[in-house]
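In what follows, a single structure is set out as structure tokens and then discussed.
Labels run A, B, C and D following the written order; every chain starts at residue 1.
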Amino acid sequence: MEIGLVGLGKMGGNMRTRLRDAGHTVVGYDRNAELSDASSLEDMVGKLPAPRVVWVMVPAGDPTRETVRTLRDLLDEGDLVVDGGNSRWTDDQENAALLAERGIGFVDCGVSGGVWGLKNGYALMCGGSAEDVAKVQPAFDALKPEGDSGFVHAGRAPGAGHFAKMVHNGIEYAIMQSYAEGFELLEKVDLVENVTEVFDSWREGTVIRSWLLDLLVEALKEDTHLDQIAGYAEDSGEGRWTVEAAIDHAVPLNVIAASLFARFTSRQEESPAMKAIAAMRNQFGGHATRTAPPPGGDAS
Amino acid sequence: MEIGLVGLGKMGGNMRTRLRDAGHTVVGYDRNAELSDASSLEDMVGKLPAPRVVWVMVPAGDPTRETVRTLRDLLDEGDLVVDGGNSRWTDDQENAALLAERGIGFVDCGVSGGVWGLKNGYALMCGGSAEDVAKVQPAFDALKPEGDSGFVHAGRAPGAGHFAKMVHNGIEYAIMQSYAEGFELLEKVDLVENVTEVFDSWREGTVIRSWLLDLLVEALKEDTHLDQIAGYAEDSGEGRWTVEAAIDHAVPLNVIAASLFARFTSRQEESPAMKAIAAMRNQFGGHATRTAPPPGGDAS
Amino acid sequence: MEIGLVGLGKMGGNMRTRLRDAGHTVVGYDRNAELSDASSLEDMVGKLPAPRVVWVMVPAGDPTRETVRTLRDLLDEGDLVVDGGNSRWTDDQENAALLAERGIGFVDCGVSGGVWGLKNGYALMCGGSAEDVAKVQPAFDALKPEGDSGFVHAGRAPGAGHFAKMVHNGIEYAIMQSYAEGFELLEKVDLVENVTEVFDSWREGTVIRSWLLDLLVEALKEDTHLDQIAGYAEDSGEGRWTVEAAIDHAVPLNVIAASLFARFTSRQEESPAMKAIAAMRNQFGGHATRTAPPPGGDAS
Amino acid sequence: MEIGLVGLGKMGGNMRTRLRDAGHTVVGYDRNAELSDASSLEDMVGKLPAPRVVWVMVPAGDPTRETVRTLRDLLDEGDLVVDGGNSRWTDDQENAALLAERGIGFVDCGVSGGVWGLKNGYALMCGGSAEDVAKVQPAFDALKPEGDSGFVHAGRAPGAGHFAKMVHNGIEYAIMQSYAEGFELLEKVDLVENVTEVFDSWREGTVIRSWLLDLLVEALKEDTHLDQIAGYAEDSGEGRWTVEAAIDHAVPLNVIAASLFARFTSRQEESPAMKAIAAMRNQFGGHATRTAPPPGGDAS
């Protein structure tokens, strides 16, 4: 098929390659002219045969929203936009409605796979009408991994795909935290002498073998005590949205929320909450509290 | 090698089969005469050539403790006992000391694999001196999976193997809870129409692919909404001991502890804590509280 | 001062009484004619001298939003609306903007005190410009408790008061859960023979003495083991919004979130998450799982 | 009554004063001769009339254990030892048994009140037989606060008092964390302009008014943003034991455990768990990870 692809960063660029390797014609557009196949969004649209399919792969939020609005003006009735970025499912509902006003179709697609996707394929979770999804299916087939898994049409309403991907990421946070807590405990005890070997041994025959475990073992083999890595983790929107969605539906999400909070904590130089704890202890018990350290100093 | 094997239940029986399939001679003993190769522990010991290796595969705690004490009287200096059950690492330290008084060696070995171990091999995590471990290595090689992983000598002190296995189980609790929370959220929203297909799609190309995910998909394919399964989970000792060990070492273990507590909660017909919450709400706000339901009735 | 009061339910009715007891003139309106001093909102507005102050005490969300829209049409420039309900702070920002279009002032006010407020006074947390707050100050002074505390002008932007009240409620959830967990532990052990007496003793001289503790002791004296109370707790919006606000600001809120989730769990007849746990256990270990109980039966 | 008092530190010294102010005769012993009324434990015992009562107020664990053993040799049948320190309830059971061998009675007593106890009285939670408790009652009456509360005979078995005090401390951790999380959220938002005033206003008329809130307000008035206090909190044994006791009894203790873990985290300069998270992120996504900062540098 012929397909437009907006956003040729690390993810978009690799996806273009994988689509072309599968024999599809991709007209890519990126603000960076060196990466781009077209001089503008308008130029890209002009190079595609109608009915057109344009896959948007730009950051979630305003960049995606603006791209969708621009495409709404450039595309015609019967064309189709795919949002393959990390949009919140509620954005999909707004974007789909905007495009529907002009008779333009919409499919949202959560994409997992990171830098490994080019070689192994991307896991795809999409939402949209069966008709719209069918129009993109050749591209989905090229992008997904080879086996029976790796693609799902999660629901017919816009946002179903991104919702499924969002929950995937929430689960991912908690699984990572699970291994991380186990790692910390093993590192702290003297009884277990080689933590890397223990994790490596778990890769076969255990209940907890997984791809994330494989990755952690790779990291430990490079840096046994992770001395070169700071104990600091960003969070993307999906983890936050997962907890918010759970709250909306009264779903208790203890471990996913705790995993998200652990990332928040990891980014704090000092915890205001723990200052309050220390202040109360100081008031009631004459417990020794440390005064705040000089800048750059050691608070523990 | 020739090896004694005490306890021929589901796990022990399968391990005997796998050892024999690898060409080893196993003299098994079980209180159930139909399963047993020997009429008594003494008979089993008598059938083994010195120096003897006896693998104990009985429930943790008193049964293991008693078996070790009996073997201490039956075995000779230079013989070796392997505890392959689910003992707490502190029990290993006691049992090793008891046996050492008589010059009998000790290796503790955590075994993972469940009913799948017979076919795929068991993941093994052992503790003990290099000399003692070497004596059991042929059996370890027969029991472990085929690849490079699945076996580790976690440390030289007694208990290192069971400690590693214990942490494995703590991680297992939390990974299971991670998927479970994601499942509940997807079940609760209408947006995602086929939760089983979403989980199935995650088996390839995603960050969260794992053996536990494979198992969950199997279960969902049999019973899409798990209508036939009660939301109830036992916990074995390992999860509890993991949290206790973390407390001893001042390691924050938020998600593993929350996973353990979720199992406790799942087994309560009614929560005394939530009764207290309801009682306070009733006092301060005239909030409607439900009176306790009649037996067998519906509290929610 | 003269003040309009919309909503004469349990809270609004008691507040009217307390305002009148302090010498203020209150024109109350309620859809229930038996409670109302006016035949309609329009009638109520007509009975107030300009510049008017109208205190809205109706359920958060649409009822408050609709009341504000109606008042916007009935009031004049220079008049003022106070939202004393449980609105989300973001609603305040919208309502304030709507009223500002017509030159009508707005003060949001979180009110705590429940059924005890009539006698002891209500704790008040308000947001709005200093000028607007000053116009309502006589009413605030009548409603608040007698001492130095119990009233705060939390910020000049609309929503500051409800935000402070929201955080108050989040803290409240977690403090209640703190006592509740302690209660459950004491109830479970045989060592402590009279849990009610223990809680009662804590009311003086301890670090944890509080008004909530007093309430819990009252409840325990009426029903020692809380046999007549179901372990079931609703949650109002404030607890949820607190966690959402924390997520927006990357604040780790472990205990408040866990307290909210405990309420969610308390309302589930059966946990889908724990069904998933049981299903996985069943797959990997042949662990005995219970089949779902017959309706009305016992799942634990 | 006449009573021996071992350990005249901050707590013990103040308790001696309060006992004497009530008219009791106290023979205190401390290793520090300047504080001591006796030259040795033996000298102290010699100065007491039989049957003797000796209150031990030394650090939990070995110091208390050794003091009890020494007293066991110095005291006679019919004498009585009170352990008023922070012993684990399991220690009480051992100490009581040791003393019982010689016909010496035992009462355990958890004491709350800190530096405020001298003036306001100490909350006391004791365990032991009714006969033994009766022998100490005059001292209890002198030490407790004036009102009806502040003293409880929690159970007849040794350890009942310390168990109740332990749960008190677990609850204390969680209540402190509740306020602390609320403080952090308010500090982070711009909407609320004066956090200290908000907390101060909560001291009357709210659901969350408490003694701990009073203390926090005192601290905030001295140092509005707690700039002079490090976000660092020690934990005593009681918080840990509370979680362990809950695990033993399968009681879900989510907020108390999370509060304990927050203290552990506050004492870490860097989190091994979060290093593992960062390492996995780096492997799968090419996510930028920070390398470990130079000593003294900024990891956030």
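Going forward, a residue touches a chain if its C-beta (ideal position, glycine included) is under 8 Å from a C-beta of that chain, and two chains touch if they have at least 3 such contacts.
The shown structure was predicted, so the numbers you read here are calculated from the model rather than taken from an experiment.
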Where subunit C and subunit D overlap in contact partners, by chain label: A, B
Chain at maximum distance from subunit B, centres defined as averaged CA atoms: C
Whole-Å gap separating subunit A and subunit D, where each centre is the average of the chain's CA atoms: 45
Rounded Å distance between subunit B and subunit D, as computed from the means of their C-alpha atoms: 36
Interface hub residues of subunit C, defined as touching at least two other chains: 114, 177, 179, 181, 184, 188, 207, 212, 250-254, 258, 261-262, 265, 267, 271, 273, 284
Sites on subunit A touched by subunit B in the complex: 89, 112-114, 117, 120-125, 127, 144-145, 147-157, 159-160, 163-164, 167-172, 174-175, 177-179, 181-182, 184-186, 188-189, 191-194, 197-198, 200-213, 242, 245-246, 249-256, 258-259, 261-262
Touch list for subunit D against partner subunit A, complex: 10, 114-116, 176-177, 179-181, 183-184, 187-188, 212, 215-216, 218-220, 223, 226-234, 254, 258, 262-263, 265-287, 289-293, 296-300
Subunit B-touching residues of subunit D, taken from the complex the two chains share: 207, 235, 240, 243-244, 247-248, 250-254, 257-258, 260-262, 264-265, 267, 271, 273, 284
